[in-house]
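Quick notes on the structure that follows.
Labels A, B, C, D, E and F are assigned to the chains in the order they are written; within every chain, residues are numbered from 1.
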Amino acid sequence: MNQKILASGNVQIQRFFNLDNRAYEQGALPAKTKELLGLVASMVLRCDDCITYHVVRCVEEGVADPEFFEAFNVALIVGGSITIPHLRRAVERLEECRQTAAS
Amino acid sequence: MNQKILASGNVQIQRFFNLDNRAYEQGALPAKTKELLGLVASMVLRCDDCITYHVVRCVEEGVADPEFFEAFNVALIVGGSITIPHLRRAVERLEECRQTAAS
Amino acid sequence: MNQKILASGNVQIQRFFNLDNRAYEQGALPAKTKELLGLVASMVLRCDDCITYHVVRCVEEGVADPEFFEAFNVALIVGGSITIPHLRRAVERLEECRQTAAS
Amino acid sequence: MNQKILASGNVQIQRFFNLDNRAYEQGALPAKTKELLGLVASMVLRCDDCITYHVVRCVEEGVADPEFFEAFNVALIVGGSITIPHLRRAVERLEECRQTAAS
Amino acid sequence: MNQKILASGNVQIQRFFNLDNRAYEQGALPAKTKELLGLVASMVLRCDDCITYHVVRCVEEGVADPEFFEAFNVALIVGGSITIPHLRRAVERLEECRQTAAS
Amino acid sequence: MNQKILASGNVQIQRFFNLDNRAYEQGALPAKTKELLGLVASMVLRCDDCITYHVVRCVEEGVADPEFFEAFNVALIVGGSITIPHLRRAVERLEECRQTAAS
């Protein structure tokens, strides 16, 4: 679907997608920290697709389970119980990533 | 005002305030990373008081200006232009912190 | 300013304002319960003007301080620490109402 | 999944879950009122899982249909038409609860 | 389900539904513009059901693809990357509408 | 303050600001329609600074009062009573614009 959006000929949307990708690249802050920022932002704004994306990327950047749960806890405290269904799904995604890596 | 809230006798609110403080303490993730998580969460949820709090704490934890602006950029990309007025005020707060430290 | 909005001649906005007033009238649920619903909804959506309005109305409907703080706690748990600045202002408003009544 | 979250060893998340449960217990306000507060907060924040939970709990606390619809109306007025898809699902959940009770 | 909501006997919810329908009728602004306003509001508030409704209505009002993508771009800039999953689904809906019309 | 943000040397923030400006330029949709989209998006997301910006720009693009109030009504219906304090301030801003133009 991203291909279709980019094929629409709307140059500004293409540029936004490009900026979006680059926001998480290593810079003054490491990529791992930036992915954790993206994860917590996605949790407090309650977007499951975005959470899935950042959980996968955090795993790739080597975030360990206790680090994940501390980041989840920040999201839970800032965003409240309304984030709990998203927390559950984040933990499911994380478990799937760990199982894929183990097999 | 926090004193008055805590003096209300509502034990659960007191416990929440306690959990809130502890969420940013050093653990598996360093306090600096956790404060950055709190800052970006506050920016995408657009709460100026919370932003001010986390800017001050990030300065205390040694966050450098290029690190701040990369975190601001993640918040801007995730949260969109609706965060810009809060970004402006975050930069004002940061500048005040730097001037206080310099004088 | 409401007068000017109503004087704009937009009938649908007038009808919305009318529905808004009537939503909190006594019905199957007492007015007190409905004002508490409006208060908690305003806190989790983080609108200070709306919070002020419902704090005043809750005081008029006889909500006692321990009831207020239990409602505040529900808002705090559901909405998270991002609601704390609004909780502080709600408590300030409540205190003003109590002082006005006492004098 | 809650079991897995609690098994993660993150004590603060466990404490938050505990506070979340206790927020709706009978206190100065009856449990029925608190569940209605949770329901309306969930509707204006638009979380279907949270709405389902509080609809079920409200039914258990004896909330009658006209009371439900008055609470739904407060959520609709405060939160606007963007809550309508969630209102539809809340009504479906309520109907399922009533049918389960009838059979 | 709307039938059941309207059958609940809650007159205020019925009136809100009526106001909701009338907000998009031709007036000083053309219906096409109002449907675009509804579409962008639904995208920044991230409600897929509302987006689907307004995409269908915009197609009926003759919104062309480049117009759709400029409206999508406004939503993306204002609301940020958190709207991207909804943008993808909006483009899917639009494509389905175009294919239905072509066949 | 925008100058200082742009002077921070963060190229991605500069690019976002550029995209933000260009989103409202005349294209397939007229600038007037795009500013109305920005106005309604700002109202349902409840950002007073953004509302002020788009009210001024809408006035510049020739939006008439009945058109403004129909756009305000769409925002009110979609976003609910929680937008009313922002609606009041939008009407104040509009009135100031009209008085400035008249004098």
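Going forward, contacts are C-beta pairs under 8 Å (C-beta built on N, C-alpha and C of every residue); 3 or more make two chains touch, one makes a residue touch a chain.
Just so you know, these numbers come straight off a predicted model, no measurement behind them.
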Max Cα-centre separation from chain E goes to chain B
Among the listed pairs C-D, C-E or D-F, choose the one whose interface is a repeat of E-F, with over half of the contact pairs the same by residue number. C-D
Distance between chain A and chain E based on Cα centroids, please, to the nearest Å. 27
Could you tell me the distance, in whole angstrom, between the mean C-alpha positions of chain A and chain F? 30
Shared interface positions of chain C, touching two or more other chains: 12, 16, 19-20, 23, 41-42, 44-45, 50, 66, 69-70, 73, 76-79, 81-82
Footprint of chain A on chain D - complex, ascending: 1-2, 4-5, 8-10, 12-13, 16-17, 20, 41-42, 45, 47, 49-50
Name, in rising order, each residue of chain B that touches chain D in their complex. 12, 15-16, 19, 22-23
Which residues of chain E touch chain F in the complex? 19-20, 23-24, 27-29, 33-34, 36-38, 40-42, 44-45, 50, 64, 66-67, 69-71, 73-75, 77-79
For the chain A and chain C complex, residues of the former touching the latter: 44, 76-83
Within the complex, which stretch of chain E touches chain A? 46, 65-66, 69-70, 72-73, 76-77, 81-82, 84-85, 87-88, 91-92, 95
